[in-house]
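We just call them A, B, C, D, E, F, G and H in the order they show up, numbering each chain from 1.
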Amino acid sequence: MDPERLRQLLEAVARGEVRPEEAAAQVAAATGGTAPIADAVLDHARDARTGVPEVVLGEWKTAEQVAAILQGLASGGRGALATRIAHDKADAVRQLVPEAEHVAAARALVIRGAPRPHAGTIAVVCAGTSDVPVAEEAALTAEFLGATVRRVTDVGVAGLHRLLGRLPEIRSADAVVVIAGMEGALPSVLAGLTDRPLVAVPTSVGYGVGVGGFVAMAAMLSSCAPGVTVVNIDNGFGAAVAAVRAARPRQ
Amino acid sequence: MDPERLRQLLEAVARGEVRPEEAAAQVAAATGGTAPIADAVLDHARDARTGVPEVVLGEWKTAEQVAAILQGLASGGRGALATRIAHDKADAVRQLVPEAEHVAAARALVIRGAPRPHAGTIAVVCAGTSDVPVAEEAALTAEFLGATVRRVTDVGVAGLHRLLGRLPEIRSADAVVVIAGMEGALPSVLAGLTDRPLVAVPTSVGYGVGVGGFVAMAAMLSSCAPGVTVVNIDNGFGAAVAAVRAARPRQ
Amino acid sequence: MDPERLRQLLEAVARGEVRPEEAAAQVAAATGGTAPIADAVLDHARDARTGVPEVVLGEWKTAEQVAAILQGLASGGRGALATRIAHDKADAVRQLVPEAEHVAAARALVIRGAPRPHAGTIAVVCAGTSDVPVAEEAALTAEFLGATVRRVTDVGVAGLHRLLGRLPEIRSADAVVVIAGMEGALPSVLAGLTDRPLVAVPTSVGYGVGVGGFVAMAAMLSSCAPGVTVVNIDNGFGAAVAAVRAARPRQ
Amino acid sequence: MDPERLRQLLEAVARGEVRPEEAAAQVAAATGGTAPIADAVLDHARDARTGVPEVVLGEWKTAEQVAAILQGLASGGRGALATRIAHDKADAVRQLVPEAEHVAAARALVIRGAPRPHAGTIAVVCAGTSDVPVAEEAALTAEFLGATVRRVTDVGVAGLHRLLGRLPEIRSADAVVVIAGMEGALPSVLAGLTDRPLVAVPTSVGYGVGVGGFVAMAAMLSSCAPGVTVVNIDNGFGAAVAAVRAARPRQ
Amino acid sequence: MDPERLRQLLEAVARGEVRPEEAAAQVAAATGGTAPIADAVLDHARDARTGVPEVVLGEWKTAEQVAAILQGLASGGRGALATRIAHDKADAVRQLVPEAEHVAAARALVIRGAPRPHAGTIAVVCAGTSDVPVAEEAALTAEFLGATVRRVTDVGVAGLHRLLGRLPEIRSADAVVVIAGMEGALPSVLAGLTDRPLVAVPTSVGYGVGVGGFVAMAAMLSSCAPGVTVVNIDNGFGAAVAAVRAARPRQ
Amino acid sequence: MDPERLRQLLEAVARGEVRPEEAAAQVAAATGGTAPIADAVLDHARDARTGVPEVVLGEWKTAEQVAAILQGLASGGRGALATRIAHDKADAVRQLVPEAEHVAAARALVIRGAPRPHAGTIAVVCAGTSDVPVAEEAALTAEFLGATVRRVTDVGVAGLHRLLGRLPEIRSADAVVVIAGMEGALPSVLAGLTDRPLVAVPTSVGYGVGVGGFVAMAAMLSSCAPGVTVVNIDNGFGAAVAAVRAARPRQ
Amino acid sequence: MDPERLRQLLEAVARGEVRPEEAAAQVAAATGGTAPIADAVLDHARDARTGVPEVVLGEWKTAEQVAAILQGLASGGRGALATRIAHDKADAVRQLVPEAEHVAAARALVIRGAPRPHAGTIAVVCAGTSDVPVAEEAALTAEFLGATVRRVTDVGVAGLHRLLGRLPEIRSADAVVVIAGMEGALPSVLAGLTDRPLVAVPTSVGYGVGVGGFVAMAAMLSSCAPGVTVVNIDNGFGAAVAAVRAARPRQ
Amino acid sequence: MDPERLRQLLEAVARGEVRPEEAAAQVAAATGGTAPIADAVLDHARDARTGVPEVVLGEWKTAEQVAAILQGLASGGRGALATRIAHDKADAVRQLVPEAEHVAAARALVIRGAPRPHAGTIAVVCAGTSDVPVAEEAALTAEFLGATVRRVTDVGVAGLHRLLGRLPEIRSADAVVVIAGMEGALPSVLAGLTDRPLVAVPTSVGYGVGVGGFVAMAAMLSSCAPGVTVVNIDNGFGAAVAAVRAARPRQ
């Protein structure tokens, strides 16, 4: 940590302008260590180790926990992201962290920070209208990590011509995220039509035997087209991280 | 039963040329009743009720049972069919019923009989080389029931262009049987490209999460393309029966 | 598209009477192309390819999305259908699309359009009172697609005589849709009593080991009576499409 | 134990005509205690507690273990039974226990003993030829326990008329065991046609989604006809015990 | 049907005191035929065929449907029963059928009718406090069918001594219903301690791997103690019917 | 039971100061017998048999049942504990039993009693913030049973360095409870780094393929590190009991 | 296709030195079309479309089919690969295609062809000795596709220090394939320690609850470490293709 | 490592009496490091870290791999153990490592070494004769790790009195391993009767719904008796390790 900034920070603590916990978190964030807060230990070094900072998985956390972790993570100046945030919880968090922006289409909260290095171009392709929320989670995450995103929506296999017309956009991206529910056939078809790294995301859109997305997931893993890799159901976030790992220029 | 034929049959019994059991089976077959043999009760009236005669499912039956039932069913003069017959069992049955022909590609035994009314044209489409045995079971069954069969093989979705070139043959059939293992995506793609009745057959070709064909089956049932109907895994026989029900002219 | 109608449409756009998006959808609907609207790409050519127009699966879509797609699909003049619409969502859609009729028994919204060619007669047979909503979805869909429907209700296997008295109505239809929950035995019994194409629909009516309808579905797929084909749980819509494919006269 | 018999036994031990272990087992069998042998503790009091003696489940035991337990159990004079004995193991056991009879159709070994009190009449009804081995296990067990057995074979639901003709035999039994694989519909149909205690046995006859008999089992448990009770897959033995519990006269 | 009663009924119809539908149901109930009402076909002959009248499974039916079927069934004078009725639905039904009594502990509605012949004594044994609602459903059903019921509650295997003290009451009943959730071990232990017909009911009381009662059900089916028969999860009703079939005196 | 205390108790009953039921429970608690209350039979001897008193599993019980059992158990003077108590139910119980303390973080109610013997030191290690409620249930239970607890929170394997820094605290405990959801990898890693008895608790924190905690549970059971033992999903209570059994000094 | 080479080929056909089928396959391979052989349609254009040529999945194919497809694919001069070849089948294929080399450690057959462009460096990391066959399949595939491979073996999480010592080799690769059975924890740990694209391969090494590799697969999909992508169980081939897609330089 | 021993070892290498690889393994074993051999990296420090040395899981390893790892592990002088060794593989390993003893009843190979510190007394309790192989694996492992073992065999819950007579032996052990297949009820019953640490091992003894041991495992995890901990199916080895962790005196 820059000594001058450290000195200023400590003086602010001395003046009572900054609480000691917040100062501790800022120091940890800047130096890549870990920072314990209530019920959590922030892993500020994750960005350095993996190229992707810690992100909050909001589903089972209280609004207070999400708020505290978001603030802790953002204290390093590079912003912070929380996913799987229901509408009500988003409102509660924003009472505590007004600088957090609610991206409802992606069910996420984001605090914008300093720009990250460009991480390539990623095509986010989704099969149906019902899959859009997962696609938006992937797109927002990829953009947060520095990528340019191209959205290709509602091109499921029941009407193949919709997909074929969009192939050039997909083939020229650096990596492709493909999102589908129901029988999950789109990644198999697309993997046979492009040479790009391809991450398939099954969604929980389905009913009867397909309820919960397990069939879509299993179908993607069983793909007869080689090169399809798969993440967990509805895990748009994880797919974006994997796509960025593949797309960004090697340093 | 034609009285003259009955009289002749009984005289043959009297002369010792025909065993009584065999005569009983022939009478039952001709009159549409049931005929008990060892461990089984033949349902000769099924053809009249459903348009499809009883067929032997050979998998768990002994060679002796298969032979006895085949002979009983064939005694009516319209032939008989047994499916899911392993190679060794086929040999053993043919020792007992030499007139039965072994169609190894379909894992079946068939006794040819009087021709049945034409039951339309059925396209049997299969995704990969490994699915061929199920396709041949479907094709043989459809032919046994009076249909004309068109075989379209190895047109899986990983190389879509292979399928697209065969569409005219498929679209002009009266009904379509589509066979696929792995992720089972072919019926979804094809159902969006034809207006024909379409029966999907998942196969047990798959490994890992796809082992046993359950994923292919579930994917077909979850199809986003309406009009796909599904039969049990590897059930080429049942698919052919369903396709014949749909394809044959209404009487 | 009829040039005169096109000209009039464009003039209406010029006069501000028709929004450009709506005009685009009408052109696409009339010419069989695809038409992108918010979050969706309408597949107007599906009717020509498959004999069945695109239908809205409403379960995961917002009321706004359902309304927009219904209007887009109906712009071609042949009506539109949306299934799996909960009561509240139906009300919200009808605020936006007052011409949509809510068929509550079938959980569907329908916009009536120009009549379609007659698609044969379909018997919709259901095992119990609890299965009626799925049966009504099938019946409404079949009627929307041009078929005549016969309803045969509450004829489950625990009281066989109820079924046997209705057999003539069922046997004389062009195709049969059979709907059952719990142990799903009705299609097996019925397939042994008719020669018609038969589509079985498992329902989610069941509890304990039968919860969700998986047992009914698996039992139907395991049927010892050949010719039973199966669609997804509660998929009355898909069963009707398959029945219409089999029942309608070959053109 | 009768003192005179005990005295004679001990004298035989003294003369070396009876091994001590065998004498210990005989004493235990006669007095209703437990008797430890290698790797097992015989439960001679089970007959008094439950009305059914201990029976050997042979599947995972070595031939030596089966032989030792059979002999121990039979030492009380009322015979002994071992089920799920493969053909090879039966031969090996009979080398050690020549008085054991191999009932191949039931995959069982039996040592006949003193007759048991009459345990009523039990109808053993089975759906198909492939289910016969389980039916024979049930029939043999019921006979071993003192019941009279009526066999009704190959009356599955795909040809209902076969069943309807046998109803009087079934309805007049004291209890009914119903055996079926595949979709397991027979118990539902039969439970609606009789007032007798009814035990359903799913069999492992099935393939694809029905492999292993789980679908038949679940369908029986989901039966819409009340009064169906179910035992484990292929458990003809357990079904016979339950039927005997219900059928035998109350003492 | 008694001609005098029929004449009186028809006169009442003529006078407008009885609606024709109601009269039709009464005739059917008295003559053992079927009676169609809205969405249902009453099976009045079931009592004669199976010894148990039709009972309403209320879970997926509307209050209106439950009310109509209850009234139709009760029209024969022997009362009627509806199970799996949530509290709110019970209130709604009782608005329509005030003579129905709500037995909240059993989640059931009952209309008392003429007494039925005595059906023996049944012990209803349950493992824990949480299993009581299922036990009460079984007890109410057994009483409705004419049996005397003994309740033995909270005697699970974690404290065996609680069970052992109640054995005499259990052993002297004509049949036993055993109810347990979690690991479902109680029927195994009890089946080794009595010779009575024994019906095990798994309950949905369980969490984690035991959620929904599937583990309890499977454990009961896997019981090492012979003679345990099993019904569906939470199916107290079906267990009572099976126990009555076994317990009632043979006529 | 101390005769003097018994005499005083009975006199209090005679004076109407103590209800008979309460007195019965106190006698049972003091003498180690069982005590029947409404819908339950208290097992006061469990503490003597197993070293752990009966604890109330509150999930499916009514507030009235929880209150009655808590009071009955506490009547012996050593306190009482109820787990899996939702917030609303806790309030309702406390209306009836004001001396019960609501520990919201552990979803539990506790009545403090006489101190128990020291039961060793237990480390409660949890992988993520979302797992804290289960960890707190384990910690509260262990403390209730006399153990000293060390909490180690948010040390999941995605940031290994967080765990490595806490190893000395863990290694010096008498037993370790390890709590994780998602992929459940933490017990495997930790079991390779300590020689302490280790009980793993999977949590229901997970989504998609991991929903409900089954994957975490199965992964822990499949651990390649020997010595990992597992309890049911979210069963912090059971894990604490097992840890106390291992940690407490042998008497 | 080069006209001179085509002319020479046709002259060889004319001289009887090359069979017409073989010539047809060579032309197709060179021109990127499809080539039908017995039971298969070769997809020579796949390399151009996806950057990876068609590879033979040998598991369900006969030796004759594998041989024919291998030869067809190799006719283009760039070699061919067949995976999942049991030892016996490998011998049978090599009788027909002696130029195929059997790589037993990878259960594969390979025909070496012209070198492909360099596809980067891939680390193949595996958890245990039992996982080596899958690792070798991945390594051979990656090398066949032009990559350099680093093998890191037996570094499972039960002994973390084995992994930590190899991190530099892993971190400096272009992509990482991680292979593990049992609880499948290694990818989670490794994904937190590197920024490389990471493809996880579950193996079927496991028993009990982990049998078949489903637990390892599900654990990898549930990973708390973002960026883990997963392929089917034992699919070393698919993982290598995905890794090559990510690792090779963008052209 | 003792310098004198090291010097001698190196001199032996120099003389060609000891191969360098073997010397490297001996050094590693003595110093607690890791030692790479073909396809494996021995973890000699595991004993120091966890109190239990590395043990070979033999199921998927070749005889050559098992032999090499056994020798490597034994080079430290404290013996070595390999589990899950089929009879044929045991013979093959003993050709290579004659000092390994085959304990057939436990399906294991053991090389005896220097005695380990006493690890307490462990009761190994098993439900049936078929569970003995798993019990013997547990017993052998516990003895290898220094414990005294008491075997209590064939005391399943169908005959409770067999168990009750052995309780004193069980209660006085330091820890208890309980082994059962089928419905897996024994640990629940036993956990209510002892205060000892208790590790339950489900076995794969079961059929039908219980096949593979999953039901026994799930029942144990669902136990209503607190304090039951569970290991993987048939994992006698892991249970013994866990029992030793709990039983051995704290150092």
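In this text, a residue touches a chain if its C-beta (ideal position, glycine included) is under 8 Å from a C-beta of that chain, and two chains touch if they have at least 3 such contacts.
For clarity, every value in this text was computed on a predicted model and none was experimentally measured.
More than half of the residue-numbered contact pairs at B-D reappear in one of the options F-G, B-G or B-C, namely B-G. Judged by contacting C-beta pairs, the busier of the interfaces B-G and F-G is F-G.
One finds 51 Å separating the Cα centroids of chain A and chain B. Distance from the chain A centre to the chain C centre is 37 Å, each centre being the mean of its Cα atoms. Of all residues in chain C, those touching 2 or more other chains are 46, 158-159, 191-193, 208-210, 217, 221-223, 225, 232, listed in ascending order. Within the complex formed with chain H, the residues of chain D that make contact are 34, 36, 39-41, 43, 45-46, 54, 57, 59-61, 65, 69, 84, 202, 204, 212-214, 217, 232-235. By the touch rule above, chain E contacts chain D in their complex via residues 46, 49-52, 55, 174-175, 191-199, 217, 221-223, 225-232, 237-239, 241-242, 245-246, 250. Interface of chain H with chain D (complex): residues 129-130, 132, 153-155, 158-159, 161-162, 205, 207-211. Only residues 127-128, 156-160, 182-185, 188-189, 191-193, 206, 208-210, 215-216, 218-225 of chain D touch chain C when the two sit together in their complex.
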